[in-house]
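Order as written gives the chain letters A, B, C and D; numbering starts at 1 within each chain.
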Amino acid sequence: MAETLLEVRHLNAFYRNRGRRQQILHDVSFTIHEGEVLGLVGESGCGKTTLSRAILGINREIDGEILHHGGQPRMVFQDPASSLNPAWTVGRLLEEPLRNAGVPKQERLARAIEMLDLVGLDSASYERRPGGLSGGQRQRVGIAAAIIGQPKLVIADEPVSALDVTIQAQILDLFMRLRKELGLSYLFISHDMDVIWQISDTVMVMENGRIVETGPRDDVFRDPQHPYTKKLLDAAL
Amino acid sequence: MKRRNWTLRIGGCVAAVMVALILLGTVWTPYDPNALAGAEKSMAPCLAHLFGTDNFGRDLFSRVLEGGRTSLLIAFCTVAIGGVCGTVIGSLTGYFGGLVDEVLMRFNDSVSAFPNILLALVCVSIFGTGKYKIILVLGVLFIPSFARIVRGEFARERSRDYVENARIMGAGPFRVMFAHILPNVKTVLLSSVAIGFNNAVLAEAGMSFLSMGVQPPDASLGRMLAEAQGSLFTMPWYALSTGCFMVLLILGFSLLGQGLQEQEREL
Amino acid sequence: MIEVKNLRVAFPDKAGKPEQAVKGISFTIGDGEILGIVGESGSGKTQTALALAGLSPRKASVEGEILLDGRDLMPLSREEIRNVQGKDIAMVFQEPMTSLDPTMRVGRQVEEVLEIHTKLDKNARQELALQALRDVELRDVETVYRKYPHELSGGQRQRAMIAGAIIGGPKLLIADEPTTALDVTIQAEILYLLGKLNREKGMSILFISHDLRVIRRLCHRTLVMHGGHIVEQGDVGQVFQDPQDDYTKTLIASIPTRRY
Amino acid sequence: MKYYLRKLVTLIITLFVVSLLAFLAFQIVPGDAAARILGTEATPESLAALRHQMGLDRPMLVQYGDWLNQFLFGDMGNSYSYTMSVKALLGPKLPITFTLTAMAFLMIVCISIPLGVWQGKHAGEASDAVTGAVGQVFMSVPSFFLGIVFTLVFGIGLKLFTQGQFIHYDQSVSGFFGYLFFPALAIALPKSAMAAKLLRASVIRELQQDYVRTARSRGRKFSSVLRVHVLRNALIPVVTFLAMTIPEIVANSIIVEQVFTIPGIGRLLLSSILASDYPVVLAIVVMLAFLVVLMNFLADVLYQRIDPRIKVR
């Protein structure tokens, strides 16, 4: 049985708004094993993003346990325009995680060029700013920056929703290729059932902060148990 | 090809010319600002005396340059004190938030209920007048307005994805603030410094006009305007020349500030 | 009903030289027909819709012919165009968050077409507005009528937008990506609603989308646009089963479809 | 309704904080009030007696409490330099400064709103550029210099008023407002230019919003789109700006009163600062601050009336 990378036990998460504490996540538990892609599907406002921020330690208003066995996971954001620092060059963005880990300058440069090539960008974009790239290229930079520190688990929060259909397909292929080549595991979040079907091994359905159904992809899609999952499948075109 | 940012260009030039003139004044002035030339009393502006002379025969252009120097110095130091402290306080409270941020925000709101000049006058009445006291008083009084602007910028940027991404990538809080956020708020800070400079010039001029600011023998544009107002009937050019010089100085920096803001929007 | 001949829309870009967004396209929309336009960003689909609705930006140059029941709209004066807008041709937009005036109650915005084009008094307009809100299957229409846009959900706001568009009994409803910003379940309901309105009121619909799956679900015929041209045109079934143009093929291949 | 209550509470708290700050500021004043009254050759005993009689030896907070409730009931203690109560001193001067400030504020509103909307509507045209440039210059002119220019042009030149001859409202109401017109204009013009620029940018931004396109898709004329939809949305940021100009109007009026020799609070404040007549200074400072905080409260209420989203916050 592959090593478990992430264990989440009875997680409750809250959102503090002007003193009032609103509970967003209710008793969420799941595990991710090495090499596994866990697809999380749910509509906007169901707590998907709160979950990803809780796992990454950005949101501390939580109780319950989050056990990282595979080191600090990295994140790929939905909107490539706002997740990359507009004032920095692509090269410096890629080297940032290595710089924080104390990797020497020369080696950082080599690894950055290597990463650009791996995600299908030519090394000339090293000097360019995110502003000068297309949506698809920017998302490739986002992915490169996430995996350059060789994390075992990458959390992708709606990584393709903001892209055009043809570009979306290319980025999904990239995610699947990187998974095979680098043995990465993903927590892949999307509201699009078809995208989830294409990339996930196991699927988790979330409604209003609760996990309503979990299971291998084909079981969940072929004979969904929970009415909400059925509703999502019927609504998907 | 980026649309030419005229506001920035004109503002930059006017401000540069005025500052250059004043700096030149520190080294050379057409006449000795305090020399009394009895024969040339109350002369209207002419080639010999660009701004004319006052009732003691002193060359007004030289005096305006000298007065401008004091105003420039005070405004520069005020913005330096207020800007630096304001930026430090604003960035910390904006980024870290929490109780300190709330308390300082409330304090900032109640202090801003007092008009700056009113506070300055009160402080001056307690600590006394004079160039260096004015710098200290105005400098401290400008901290809240700078802090408020900087806090707003940092609080806005802190919640954006690229900042969260930076924290996930292991960057410490200070690296996030100064390496990640600062380059994105740089132009807003610069434009508020330019606008702060104007407010400082206006505040100093106002106080000196009320003879509560710079005291003789230091000259200041505000004091000169007060003197000029006395002889408005006989020498209108005295007030007009001093006033226009000050307006040009302020116009330069306000266009500069606005130009930087337009630059920001185009980025 | 609508016949478009050689429509061309161009914008002066930063350097001032005109950039063609729509490069001479021709198509027709039959009475009671739902025509889809699918294409990626920059394909010119939105500019085509705006041109039909007479909402092209001021600095754009629009050429060609747009015939509504045989009458060409292009040469009309601004005044005459305004008589068509809202009465014969209505439009619904993508962002329900920003497409309503945040400081005005929803009811008054739904009535706006009546306020502009008719002499009906306040009560008559309110009655028709409440009826329109019922037509779009909104519950508790009286309270929705008095609410402000930010007090409604995305789905409710989009329904109120549609109510405001159909209240004038238009011949053609142009919908520019009306469901893109909505959740999957709500998107399905809105698509169902548009289909019902088309059947019941016989209103033709021009439906713009970047998602072929939405087009497949709602439209009778569709155009595929790429780089300002129509690269393919035909019944939805035929375009999906046997696409002629390469670009259409890549579009269809890119849809993440469930094969089991 | 809850919104107003919350705002009222913050208003009262701010007033307390403001008055406490002012009061404390005057406690750290170097030198002793009693010594100033008795002069240099006073004996220590007489000094102590006077200090006790004036209650200066009581703990700070008690003095503050005493002073505050007297202040609220109109008794602001006695002036050091004038042998009369502060209230009597301020009485005739308060309405003058209040009228000046109110006139200036009204002028700002009446000039900036039509100008801003007009500029926003004709954005990009030559006329917009010209008025923009003129506005830019006016923004950079300090009020007191503008006052001097007005005196030169309208006073000495066109003789519309005689500089220095303030007409009290007892003598003639029209003369009173006539004389205050130019000082108010001197205060108002720079701020109107700023408010107009802000409103112009706001109108331009709102014109690009989706709801404007929706209204036009329904066949609404451009001018009525502006009037019915855009104006209210565009005014939201301007209301906050106008509220923020109130402290600056008050400050400028102090200086402009000097230029036009208007016997308002401003001139009194100056003379009492020079004479370190602190009860008067304290009273004026607190009163001006109350005026400012009150106006901010009114602006908040107005702000909420225009933007319904505020209630939810």
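Going forward, contacts are C-beta pairs under 8 Å (C-beta built on N, C-alpha and C of every residue); 3 or more make two chains touch, one makes a residue touch a chain.
For clarity, every value in this text was computed on a predicted model and none was experimentally measured.
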**Q.** Shortest contact path, subunit A to subunit B, counted in steps
**A.** 1
Q) So which one's got more C-beta contacts, A-C or B-D? A) B-D
Q: Would you kindly say which chain has the C-alpha centre located farthest from the C-alpha centre of subunit A?
A: D
**Q.** Gap in Å, rounded to a whole number, between the CA centres of subunit C and subunit B
**A.** 53
Q: Could you give the separation in Å between the centres of subunit A and subunit C, each centre being the mean of its C-alpha atoms?
A: 34
Q | Distance between the centres, which are taken as Cα means, of subunit D and subunit B, whole angstrom | A | 22
Q. Touching subunit B in the complex: which residues of subunit A?
A. 53, 56-58, 72, 74-75, 77, 79, 82-88, 96-97, 100-101, 131, 145, 149
Q: Provide the residue numbers of subunit B that touch subunit D in the complex, in ascending order.
A: 106-107, 109-118, 121-122, 124-126, 198, 202, 205-206, 209-210, 212, 225, 228-229, 232-233, 236, 239-240, 243, 246-247, 250-251, 254-255, 258
Q: Would you pull the subunit B residues touching subunit A in the complex into a rising list?
A: 160-162, 164-171, 175, 180, 183-184, 186, 267
Q | Residue ranges of subunit D in contact with subunit C within the complex | A | 209-211, 213-221, 229, 232-233, 236, 306-309, 312
Q | Complex interface listing, subunit A residues touching subunit C | A | 43-44, 164-166, 168-169, 172, 191-195, 197-198, 218, 221-222, 231-232, 234-237
